[in-house]
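Note that chain A is present in both complexes that follow, paired respectively with chain B and with chain C.
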Partner chain A sequence: MNDLIRVENLSKSFTLRRGLVGGLISLDALKDINLAVRPGETLAIVGESGCGKTTLGRCIVKAMTPNTGKVLYTPENGETIDLVGLKKRQMKPWRRDIRMIFQDPMSSLNPYMRVFDIVAEPLRIHKIAKGRELEDRVATALEKVGIDPAAGQRFPHAFSGGQRQRIGIARALVLDPRLVIADEAVSALDVSIQAQILNLLEDLKDDFGLTYIFISHDLGVVNYISDRVAVMYLGNIVELADTETLFERPRHPYTEVLLEALPIADPKRRAGKRTEARGEIPYIGNRPKGCPFHTRCRFAQDRCRNDRPELRKIDATEVACHFAETIELRGAYDSAPRPHISQKVSP
Partner chain B sequence: MATDTMILKETQRKDRATGRESQWKMIWRRFRQHRLALVSLWIVIGFYLIAIFAEFLAPYAPSHYNSRYTYAAPQGIHLFDTDEQGNWGFRPFVYGYTTEIDQAAMRRTFVLDPDVKHRVQFFIETEPYRLAGFIPMQHRLFGVAEPRAPFYVLGADRLGRDLLSRLIHGTRISLSIGLVGVVLSLFFGVLIGGFSGFYGGWFDSIVQRTIEFIRSLPTIPLWLGLAAAMPRDWGALQTYFAITIILSVVGWTELARVVRGRFLALRTEDFVVAAQLDGASDYRVIMRHMVPSFMSHIIAAATLAIPGMILAETALSFLGLGLQAPIVSWGTLLQEAQNIRTLASAPWLLLPGVVVVIVILAMNFLGDGLRDAADPYGR
Partner chain C sequence: MPQIPMAAEGPLLTLDDLSIVFSSPDEADIVAVRQVDLTLRRGKTLALVGESGCGKSVTARAILRILDKSAAIPSGQIIFSPDDAEPVDIATLNPDSIAMRTIRGNRISMIFQEPMSSLSPVHTIGDQIDEMIILHERVTPKQARERTIALLDQVGIPGPRERADAYPFQLSGGLRQRAMIAMALSCNPDLLIADEPTTALDVTTQAQILDLLRQLQDDYGMAMLFITHDLGVVAEIADDVAVMYLGDVVEQGDVFDVFATPQHPYTRALMSSIPKMQRKAERERLQPIQGTVPSPKDRPQGCSFSSRCPVAFEPCAKVRPDPTRTGKQHRTRCHLIERELKPGEVIV
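Presenting the complex of A and B:
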């Protein structure tokens, strides 16, 4: 089966000017990203703040243009189109297929437009429906996400955060998309509301045959909703695996650190000390040579400081670590005490 | 009727509670809570009405003079009087003048003469004129019946022209110059600032440096230079427009900054990105998604810019480089009050200055109120 979206060697850097006459510095937000999204799956992209997950999402929806690389999209007719090179006009038809849900439900809805108009806006722009039909389609979309269509005449400020996020989802869905990119779609919501929205997204996926790219920093949420997970660190994908595999048997030390940070509800299982990453995430303008994670990795060796590991396949996992076979890491479902390290590592 | 209003009130209350109320209604509701701004709004509206209906409201044409009454003191209007039968009632009148010769100064002074009363009549018939330049009319709001009788409510100037009439006509010029100047500034400010903020990059840099340059020039010498470069033989209308353009040369920078700032802030706002991802054209993104969000701010900024324009025109005209004599503006009126001698003998010639202060203050309060109310969502 063809991939719905394939990202090839994607890099994005931002240039900053230091002061008025200072030199330009280039920040690599994304470095050589390779990623495939299969039709019908939910692919999660996780990582801490500043790791480039939002930039990746925005490059895929073409809210940003990457410096190099391709975003190959396969529409329903089966041909393959590189979205990166497209002009605004050429991109427009694919905007119907690829939609986005935003993180902050407070700022993603125009405060000066009525909810009806917000949801109707994509239909009007693409000249899909008008008059009675437009009203029907908007009403259907609002009903699907659990908003009373009669409330369409209100302004966004009259709704709660969860309701606003539903409106944002309705706006994404009203065009019958194929791929929806949810950028931290539930992060700004209360936990109880998060569950509602996640369930709604699940239901809608079945109803519309959607594919999701779910960008999040919350592994609990990711575990709940996604089929596969890509872990990002400093603009690189460091591990990519099925959710089950990743949580059970992480291969990259950074993934382990993320999993260890998950809160454990059962106090009896809170045995042992947690593994934490040392220090802070480095400033991306000052990317470490070699493996980007080596400054914080407890297994780091000389090789890690000099050679950049490529993403390679081990069993069902793709991982970018030189020692992925030899180190043993603790998964999220483990209740065992601290894992032993098969190879003695000296700093 | 009463039930209709009640139903209307009820729907309004309901709209507010359910969040159906539109942006402008919310702004108005917030604005009304700002008492000072509300009062100022009425003052400003009042002055603009005076400007529009100047010919009708003023007792005389601005050039009407009577050389017998130079520097005549203000008469004031007395509203109540007794008639021949001794009945007390609303009968407005003014006292006439007697002349006294001040021997020391060798000067004629006018003293009000309580024995002579001139009746003030409303909707008095006068020589025909055209209201606002095109509506032919024959009546003025008030005046004295006897054609030769003096009628100087706020006093007369050195040619015996009625200060009140000139003040009213000057209101039209001064207020409209502020308005036209701001409209012009707004046009360039929004256009240039909008491009600068929306597209950014090198164009933005050039525009910003240009604005910084213009703003670093001392305004008075700049205006003086530009005004001095204006040909002397230009007619009244040409001078008028030249002055508005001169004022806008500096005026647009402030508004361009405001607009650019809003564009920069909104450009990364999620709902604007969402509109772009919907496939909306730049035009649609700007007009439908960005402009409504800062329209209210622009109105507030423009309101706050008008007083600056009025003051600038007044200053220029006062210095003799703005509007010239046959045109009546607050600035040219104040020119009359330039020397100490006149001020000592005819202090009422400073009245245009008082009017300037009132209007400027009212406009500033109004602008403040608008700015506070402009963001009804408190974002």
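Presenting the complex of A and C:
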């Protein structure tokens, strides 16, 4: 079966002016990303702020144009289209297939539009339905996400955060998309509401045969919802594997650091003092030479400081680490208290 | 390092029957916090956990008396008993009085969620911490600066002497939060109130800040009131936990007890709302709480959780349950605890 989306050698940089008189500097937000999205799966993209996960999502929906690389999309007719090269008008039909849900349900809904019009707008833009049919489709979409269609004449401020997020989901679904990119879609919600939305996303996936790209920083949620996970650091994918493999046996030291840092809601598993996550993420304009993670890695060697590791396959995992075969990393499923990792270990 | 001896007996801070009411000229009064009892043990961490709007931040602000002008404390006591001074009821102090100002920032200090908006953007972090020290203690500016540098070093800011001259915007989120913690610690407080201090941070930075707070608590022997919505963070850092819902503390106790045997339906519901770290095969569908938190105006007459409670029964909507002891140090506000089970009846 063909991949739904294939991202090939995608790079995106932003140009900033340094000070008032300084020259232009270029920040590489994404560097040489290769990634495939399979039909029907939930692919999670995880990483900390500034790692490029949102930029990647936006390049896929073409809310941003990458500098180099391809985003190959396979629509239902089976041909393969590179979205990057398309003009606005040529892109329009595929915008029906690829939809997005945003993090902040307040700022992503127009406060001056009624909920009915917010959900109806994509149908109107694409001239898919009008009149009675339009009303029916909007009502169905609202019902699907658990909003009473009778409330459609109200404005977004009359709804709670969770309900607003449901409206955002209805807007994404009303066009019968094939791929939905959810960018931190549950991060701003309270836990009890977050659980409702996660369940809703799962149900909708089954009902509509959707594929998700789930962008998140919350590994607990990612473990719950995703089939495969791509871990990003400073604009690179450092590890890509199916969820269970990644959480059971991480191969990249950064993945381990992320898993270790995740607070687990069980005081018996309290980690005690941890020191693995040394230092902070470097400023992206100041990307370290060699492996981007070497400044914080407990395994770093001279080689890591000079050569940038490529993503390569080891068993079922793709990983960008020179020493991925030799290092022993701890997964997240152990129920024992997580012991303190000893000081620097040489591979 | 000042090792504070645990000389005084009894808890450091006791909230007794505390209520907080917000009034506005054209609406009915809103009871944001009602009849809350909390106990903070010396040198220990109490986590106050709940969803947005449950009153956890308001409770913390009441302790420092930095509530909005429209808020009042109609009933209850906030007894603060530092090691070397007479106990004082903070609830009766005038927020602007000298007595309150010697406590605020000095004996009890606070760190906030967003360090960018709680630090002054036009002063260097060194100046801001100096100011705090000079305000509360008789020291020269030079001595204050030396202490500031020592503090910045202690909270793990690299190059503290140079960084003291940095403005907040020049620091990363993690470093800013560290600077904020240094400021809060500058007068060796007996109690540190931390209001969602790691919520705006990345996970790895969060882990570092939690480490730091634990380390500093060991060094300074201070107590901590830690406000969070994240049960994972509670499990990492707390000794005691109090779960709040719509202005009520519905359950409180030792953190191990509460996580092992949660008694209140709300606590249980919160716990089954977070995805567990499990393999696919063991994975269970999340069991969210139905509906959303009502506004305090529409709070049910009886138990505040009764409108969403899956096991609510006849008295719940009408009668407000009292806190019932459900274990050593473990108290729960729920009618189910008091009720005797009929033979053969099972409560899920």
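Worth pointing out:
Assume the second predicted complex is superposed on the first by the 329 of 347 C-alpha atoms of A that agree within 3 Å, B and C clash if a C-alpha of one lies under 4 Å from a C-alpha of the other, contacts with A are read in each partner's own complex, and residues count from 1 in each chain.
One rule holds in what follows: contacts are C-beta pairs under 8 Å (C-beta built on N, C-alpha and C of every residue); 3 or more make two chains touch, one makes a residue touch a chain.
In this text, all values refer to a predicted model and were calculated from it rather than measured experimentally.
Clash-free side-by-side placement of chain B and chain C is the outcome of superposition onto chain A. Contact comparison for chain A: of chain B and chain C, C touches the greater number of residues. Look at A:G220: by the touch rule set out above, it reaches chain C but stays clear of chain B. Once the two complexes are laid over each other on the shared chain, residue contacts for A:L258 go to chain C alone; chain B is not touched.
Legend: residue contacts after superposition of the two complexes on their common chain; A:D104 is shown touching chain B, with no touch to chain C. Touch criterion not met for A:Q165: it reaches neither chain B nor chain C. When the two structures are aligned on the shared chain, A:T295 is found in touch with neither chain B nor chain C.
Look at A:T54: by the touch rule set out above, it reaches neither chain B nor chain C. In the superposed model, A:E121 makes contact with chain B only, not with chain C.
In the superposition on chain A, contact of A:S13 is made with neither chain B nor chain C.
In the superposed model, A:D190 lies in contact with chain C only, and not with chain B.
Once both structures are fitted on chain A, no C-alpha atom of chain B lies closer than 13 Å to one of chain C.
Within chain A, not a single residue is touched by chain B in the first complex and by chain C in the second. Residues of chain B that touch chain A in their complex: 18-23, 269-271, 273-280, 284, 288-289, 292-293, 377, 379. Within the complex, the chain C residues that touch chain A are 51-52, 172, 174-175, 202-208, 210-211, 214-215, 229-236, 238, 255-256, 259-260, 269-280, 283, 285-289, 292-293. Residues 48-49, 160, 162-163, 190-196, 198-199, 202, 217, 219-221, 223-225, 243-244, 247-248, 257-258, 260-271, 273-275, 277, 280-281, 332-333 of chain A are the ones touching chain C in the complex. Residues 61, 63, 91-92, 95-96, 99-100, 102-104, 107-114, 121-122, 125-126, 153-155, 157-159, 168, 171 of chain A touch chain B in their complex.
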